[in-house]
Structures are given as structure tokens and as C-alpha cells.
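Just dropping this structure here.
A, B, C and D label the chains in the order they appear, each numbered from 1.
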Amino acid sequence: MQDVLIRTLEKVELRDPILIEGLPGVGNVGKLAADYLRDQLPAKPLATIYSKFFPPQVYVGENGVIRLVSNDLSYWKAPASSPHDLLVLGGDYQGISPEGQYEITERVLDYCSGLGVHEVFTLAGFAQGRMVEEPKVLGAATHLSRVETMKKFGVVFSRTDPGGGLIGASGLFLGLGRLFGMEGVCLMGETSGYFVDPHSAEAVLKVLSQVLLLSLDFTSLEAKAREIDRIAQKIHEAEQRPSETSGAAAPREDLGYIG
Amino acid sequence: MQDVLIRTLEKVELRDPILIEGLPGVGNVGKLAADYLRDQLPAKPLATIYSKFFPPQVYVGENGVIRLVSNDLSYWKAPASSPHDLLVLGGDYQGISPEGQYEITERVLDYCSGLGVHEVFTLAGFAQGRMVEEPKVLGAATHLSRVETMKKFGVVFSRTDPGGGLIGASGLFLGLGRLFGMEGVCLMGETSGYFVDPHSAEAVLKVLSQVLLLSLDFTSLEAKAREIDRIAQKIHEAEQRPSETSGAAAPREDLGYIG
Amino acid sequence: MQDVLIRTLEKVELRDPILIEGLPGVGNVGKLAADYLRDQLPAKPLATIYSKFFPPQVYVGENGVIRLVSNDLSYWKAPASSPHDLLVLGGDYQGISPEGQYEITERVLDYCSGLGVHEVFTLAGFAQGRMVEEPKVLGAATHLSRVETMKKFGVVFSRTDPGGGLIGASGLFLGLGRLFGMEGVCLMGETSGYFVDPHSAEAVLKVLSQVLLLSLDFTSLEAKAREIDRIAQKIHEAEQRPSETSGAAAPREDLGYIG
Amino acid sequence: MQDVLIRTLEKVELRDPILIEGLPGVGNVGKLAADYLRDQLPAKPLATIYSKFFPPQVYVGENGVIRLVSNDLSYWKAPASSPHDLLVLGGDYQGISPEGQYEITERVLDYCSGLGVHEVFTLAGFAQGRMVEEPKVLGAATHLSRVETMKKFGVVFSRTDPGGGLIGASGLFLGLGRLFGMEGVCLMGETSGYFVDPHSAEAVLKVLSQVLLLSLDFTSLEAKAREIDRIAQKIHEAEQRPSETSGAAAPREDLGYIG
């Protein structure tokens, strides 16, 4: 089979579209942000991306109907006042091998290039290894001019973070994107790295919405963040009571399922 | 070499054939069911599938003659009263890498599509992690109409199981099958997951035979199930006698070889 | 690059040649036997096989000159009294991934098929997990007629061994060889599996030389076998003296280097 | 995407160029040497090599601008007195799989062959597993005549080292280079193998500069070597004081970042 199979669901003409990528990763920040953005705009399904570099897996919906794991491209027609329509890339997985990451990213970029994309935002989490109260948004970009612009939106460009660079889709969409003549920015929300973090996703989306002049309603993302906070608090309390540690196991496991 | 090599053994014309897949997996339920179905119909060899995504291995028969590991497609000409001939896919292994799973499944589906297949049943086990007295048959399907039909045959569509979706051939034949325009159902027999389970395979086959209006003789499958029960019972008894635990090792190991 | 690159060193016409394969494996029995056969005939270099499925490695000779790891095909022109010239395949490695095993074997078989090969002998070790005084030679074959013929030469075809089949080149050359219309036999010398075993290699070669009517001088192979016996004996003695166990480390390590 | 993508940055005509390879490896000796050589000549960017066999990673510069991991080819136009221009290959990674190593090396050699390269020097470290005061330079070569020449420059060709051959790019550029009709030498600086070793890189470069009649200034490489020595000394002192071992952790970690 083709290594990466892109099924177009609808033929659309887009005005100078900007690609926004958010796939599963650290704290699921990128995926939470991209999925939330897609739902809020709302963006409509444009193409489904299947690949042998994803796990050989189908999900089963509550109604019993299966769905092959995929990445998904949605589009949003901006009002006439905006020069840019949007493309949102989300999905179940990143490629599960290094080679798969390259192959999928390159094919999606090639496809998006054909749709007229010249600009990419990638959304991700940055694991701090400690609890983060007020997540900052760190940045990296393909061009110095982009760095300067992003600083005006409060994005932090640290001399030391991320020290080892960016690994995975959020970095690769910028790195390979340059080879397609695209400019791009990675927005990384600080997060503990211990569980899914809607709070960090919100911080990332707030920057993005300012940059793209989108007015988003963050109510339900904030609700999700409070739910996580509540569970984290419970775990914290349970850990304070060493004689009852076994009672803390259940809520801790719940954390992975919220997203 | 070709990634997947399909050798046709006999050219046949089939009437609107239905593909039934059962490969090694949880409790070997799918393979037990598919092999038993093939022998009972009986289905005749149609094609042998070799692949570099299988282990580099040959089996040696009791007569000393080797056989390269493979998957195997058999066909059964239904009586004129039935609108559907059957194809049964069994074999020694699933693809041993994620990419191999995709490649093999896609090629087999392509081949079956050429034979006129529009409908697929995949047979599998569902590991409950505990002993199962009366295995239920869980389901998943490509289309909601299929879900509704299967419910009439007692198939259970749970909101929560299988929570992580289906991994491997039984899911992939449905997920990729949809891309070939096929409709399909996965039938999963509950099983402990600890050893091969002819009892669960029988439950799955009973549903399938009702759906396809086949009359199968389950005598020898039931005999195999009783043999497993007997060994499991021995292990259980041995475990009740902690002072003689070492004596339980031998029968436990036997379990893997029955199939 | 090509997955498998075969460089022909000399163009030769061969009379109905038989391929004999012996690559590194259990006890290095196959490689010891094939290399010894090549040197005794002696067979001359015919082709070198490079592949990205071998390790990315060069060996450095005592003179400081490097050599890329490879498999190597040698030929021997039989006297007019024999209907079969011989091809001997040896080398540094088997393919290091399952897919690599398939690719390399298929390409070598294709190449040998072009040279007129219809018959293959593969040489290997069979690990018994215990010391073997008088190694028997076990067999497996592509056709029942071959099994019958081999029995006359004392080859043992066991109902139970090898239970899990043959894994690696020695099995694959037979399994894929059948797809090229070749007949073949695998000769497996019993061995402990703990170290290289020239004694077992000699047992295998003796059968082969009878089958192919070759008269080989086994003097130096027997010398190598005695050297191994001597070291094994030293280790055994050292292990009998628990107070000096540390002194046994050095000779034990030596075992791996004899071959 | 292409497995290996070579982007030419400048079209140049080179006079009988010699390729010098130094990629990350043991003690980072090869990379330190190649990078230092490139900076001292100085060599100018010629081509960037991307590959799906590198990690899916971008580095972020201090200015916030990203760069996809790559290998990089630089060129140096020698003065008229020298018959050979130089090509220097450095980079972030070697291929991360055996197959990737082969693919990348073969493509780079093919590209360099097109530029007229007939001669290769590969630079590497040789791990001794003990501290090395005065690193010798060990050698291996494609041809015996090269061995003889190198001996005159003090390069050591040991009968026993490297016993297991050379693994990775430094060996493969010679081994595959021979298939391109290239002659080559590997220069291996002795090193402990415990941390990056500019001292060993200097020893290697000194030999190379004598062979190629280059006059290099080693001042800053020596400064780097002294810095490493100073840190190693600190660690050594800390280890002598068992009661304060925890204080030694920080400087030890620093070692990996100097290069």
C-alpha cells in the first residue's frame, strides 16, 4: 500500500491558508489545542490521512462502529476581513517510527503545499518536570523575523529551552516545512509532563488566537482544566496520607483519559 | 522480493463471496475458529500468502517436509440456496511489525476485492483477564446497520469494551476494508487471555454459523475445549496445594500447545 | 542503494550446480562446515553479496586492510565423473532483521537460479542444550523423496525435532527455494549450543560428502575440534574448583573466537 | 520522501577533491576533528543532507530559529600548490538504523563521486576503556599501499585492534567507498570512551594535516582539551572523597556538552 494515504473528503478553494498542527505529545497539549480550535471555529473535514506508520489499530465508537486510526485535516473559511483561511491538523497518533514521522510529515506538507499553504503553526507541550501554575508559552521559529513578531505576543524564546531541540511532529513540520518554502512557528505550552494539560493548551491557544485575530470561547476548555485540577488535588491529598496510599490509585489513572 | 507474495493455487469463480478472517491472537480464538470452520465446511485451498513481514521460518512436518510460514486462503462453494460463497483466511502469524500488518492486510484485501468480496467477518478473542465460564461474543462493525443486525444474533456491543480499540488483523481488515468499500463485522469471543480457548472459539463460530446459515458440527471443537478445561482444572488443583507447586509446571506448559 | 548488491567476480558456466549454504548460527556449525568445504575443495570466489541488511561494519585484516561485511559465493568445478558442480555460500552474517533475511535469501536464490541451481543443501546446528558426545545429524527437506534418500545416509528425521521449525537462513533457503522450483535438504548437526562446534560441523560434512560423493580430508577440522574439547575440558575442571572460579574466566572467553 | 535528500547550496568545480568524514561517535573524536578542520581551513557550505534515517528532530538556536538535523558537506579550495581540494563531511547524527547507515553513506558517496572524489579519509575515536595520556592514532585502509604510506606518518596498524572491525560511518565510507572505486584511510584516535575528547581529535588532525600538507592552528582545540582535562580532574578528585560524592554529579554531566 502507499506509505501514507490521503483521502480528500471535499474539494475546496482556500485563501492563502495557514496550517495549524496539534498531534498527541507531551501533556497532549498540542492535540488538546488543535482539537479545541477545530471544534470552536468550527472547522470542517477536508481530508483523512492513513498510514502504515500508525499502529495497526481501529477505534470502536460508543455505537459499535469502528474507525481506522488516522490524522485529520479540517478547514475553516475565514470571514472576508481575514486574509487567511485555516487548516487544522489533528489525529490519533504521530508516526510510530522515526522514518514514519518523516514520511507522514513530508506527505502532509506536500498536500498542504498544493492547497497553497505558506505558513505553519505547530502546537506542543514543553515538559518542565514540575507543576506549572501559570504556563508560559515558549517559542521556536523558522525565521528570525517570526521570532521577533512572536515576542510581541508574549512568547518566550529561551536561550536554553528546549535545549535538546524539538523531537516529533511539531519540530518536523517546521524543519521539513522550510524545505517547502514555508515559514513557521512552534508554540509550546509549559506543562508538568505528568498528565494531560488543558490549562497549558489554553495558554497556547490564547497566543494563537491573538496572532490570528480569532475570537475563541474558552469556557469548556477551562472546565476541562478545572476537572484535571480537581483530580490532581485529590491525588495530592491522598499522597499526604501515607497510610491510605492505595486509595489514590484510581483517580490517578483517570487522568490519562481526560482529553 | 515482493513485500507480500500471493500464490494462487486454483482459479475459481465465486458467487458474491464473504471473507472470514481468523489469525493467531488473544487466546488463539480467531485462528481456532477459522481453522475449524475451514475443516468443517470443508473449504479448499485457494491461495498461499508469503511475506517478508512474517518471521523467517519454516515449519517441519512429522514426515520431515518443510513448509514456509504463510497465511492461507481457502474457499467454499455454498449450495445454490445460499447467495454467498465463503473465503476463509487463516495462517501461522500476523505480520510481525506494524507496517507489515498494514501491508499484508492491504494486499489480501486487494486480492479478495478482485475475487468479488464486499463483506468481511473477522474473528478474535477478547481478553478479560479472568476466567470466563460462559463466553459472550462482543462485536464491532464498519456500519451502524451491521451493528443493529448483529445485536439480533446476541452479539454484545459494549459502550466501554474494547476501550482501546482493536489492534491487529481483526481490526485492520475492517478499517482498511472500508477503504475498499467493504462492510464488515468483528466477532470477539470473551476469553481469559491466559491460554488457547476453543470454548470461546465455539461461541464465536456459533454466532457466525447463525448469521451465515451454516450448519456446523461442533463435536471435535467441544472435545478440544474439554481437554483444555481438564488441564486448567489440574493446574488449579496444583495451585491449591502450595507445598507441591513445582509439580504444576509441566501441565501449565502443555496449554500452549493445544490448538 | 540496492537492498542487496551482488557483485560477480568471475563469469563461469556451471554444470547443473548444487548450492550449499552455511552461514553463522547455532554453534556456528553451518559456517564452519561451509567454510571448511570451500577450503578443501577448494572452491573459487564467484560473487560477493553486500546488503544494507547486514551490520554497517568493516573488518580489518591483520595487514590493516578493511573488508565490508558480506556473504560470499564460491564455485567448484567437479570432475567429469560428477554431474554437479558446486556453489558454496558462506559469510559474516545472516540478515539482521526478519525482512532482511527474506530479501537477501530471495536475491541469492534468484541469482543462483540464473546459474542453473535446482538443488540446495543448507547446513546448520541444532542446539540440544546439553553436551553432545556423538552428534547425530538431523534433517528436514522440501520433498518427501528427499527425506527418504537422506535416511539412507543416516540422517535422522525426528517427529519432534526441531519442534518450532527452522528459523533463519537454513530454513529460508529451503522455504523460498521451493518457490524457485528448487528441491533441498537441511542438515543439522547436534550441538550443545554453548560454543562453536567443529565436531558437529564434521558430522554434517561427512553426511554431505557421502551424498555428493566428495572425498574430503577432515584432519584440520578434527584438530580444531580437539582444541575446543581441550578448552571445554579446562573450563569444566575450573568449575570443579569453586575456590578458584575467577581463574576460569579467560579460557571460557576464548571459546567464541575459535572458528 | 526520498530516503536521503541532498540539497546543493553552491555549484562548484573542485580539483581532484579528497573527502574527509567526521561524524558523531566514540568520544566524538571524528566530529570534533572534522568540525575543527572545517572551521580552520575554513571550508564553505556546499550541500546539506537530510534523511528520514536521522531522528525526527530540529535544533533551536540561541536566537530561537530552528534547524532540521542534517549532515553537512563543506568544501575548501586548496592553493594552486596543492593538487587536491577538500570536502569535509560533518553533522548532527549518523543514521540511526543499520539500513539508514548504508543508505546515507551510499548516497553521499554517490554525490561525492559525482564531484570527482577518489580518496576518502574517515576520522574516528577508538575506545580503550581506560584513560589515555598520549593518544596514538590507529589506522585501517582500503589498500595495502595506503597502509604502508600511513605508517610513515606514525599511524599504528595493530594486528589486534580494532578486533571487531569498524562499526558505523567511518568504516562504511571505506567499505562502500571501495565499491565506488575510492581509496581510503580511517584514522582512529585513542580515547577513553568515557567523554568527548578534543585531545584525541587533535592527534588525529595532526596526522591528517601532515598527510595533506595543511598548516592548521591547534590553539583553540588545545584550549578545549584543557577544559575537558580540568573537569575530568575535578571528577577524579571528587571521587577520591567518598563522603561528598553527590557534589561530583554536576561537573560530570557537563562533560557531554563540551564539543
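Everything that follows uses one rule, which is that contacts are C-beta pairs under 8 Å (C-beta built on N, C-alpha and C of every residue); 3 or more make two chains touch, one makes a residue touch a chain.
What you see is a predicted model, and the numbers here were worked out from it, not measured in a lab.
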- line: Under the touch definition above, the chains in contact with both chain A and chain D are none
Same-site or different-site touching of chain A by its copy chain B, using the half cut: different
Statement: Between the Cα centroids of chain A and chain B the separation in whole angstrom comes to 38
Query: From the C-alpha centre of chain B to that of chain D, how far is it in Å?
result: 53
Statement: Each of the following residues of chain D touches two or more other chains, namely none
Message: If we use the touch criterion from the header, which chain pairs count as touching?
response: A-B, A-D, B-C, C-D
- line: Residue positions on chain C within touch of chain D in the complex are 1, 5, 7, 50-60, 62-69, 96, 100
- prompt: Touching chain C in the complex: which residues of chain D?
  reply: 95, 98-99, 101-103, 105-107, 139-144, 147, 157, 159, 162, 164-169, 171-172, 174-176, 178-179, 186
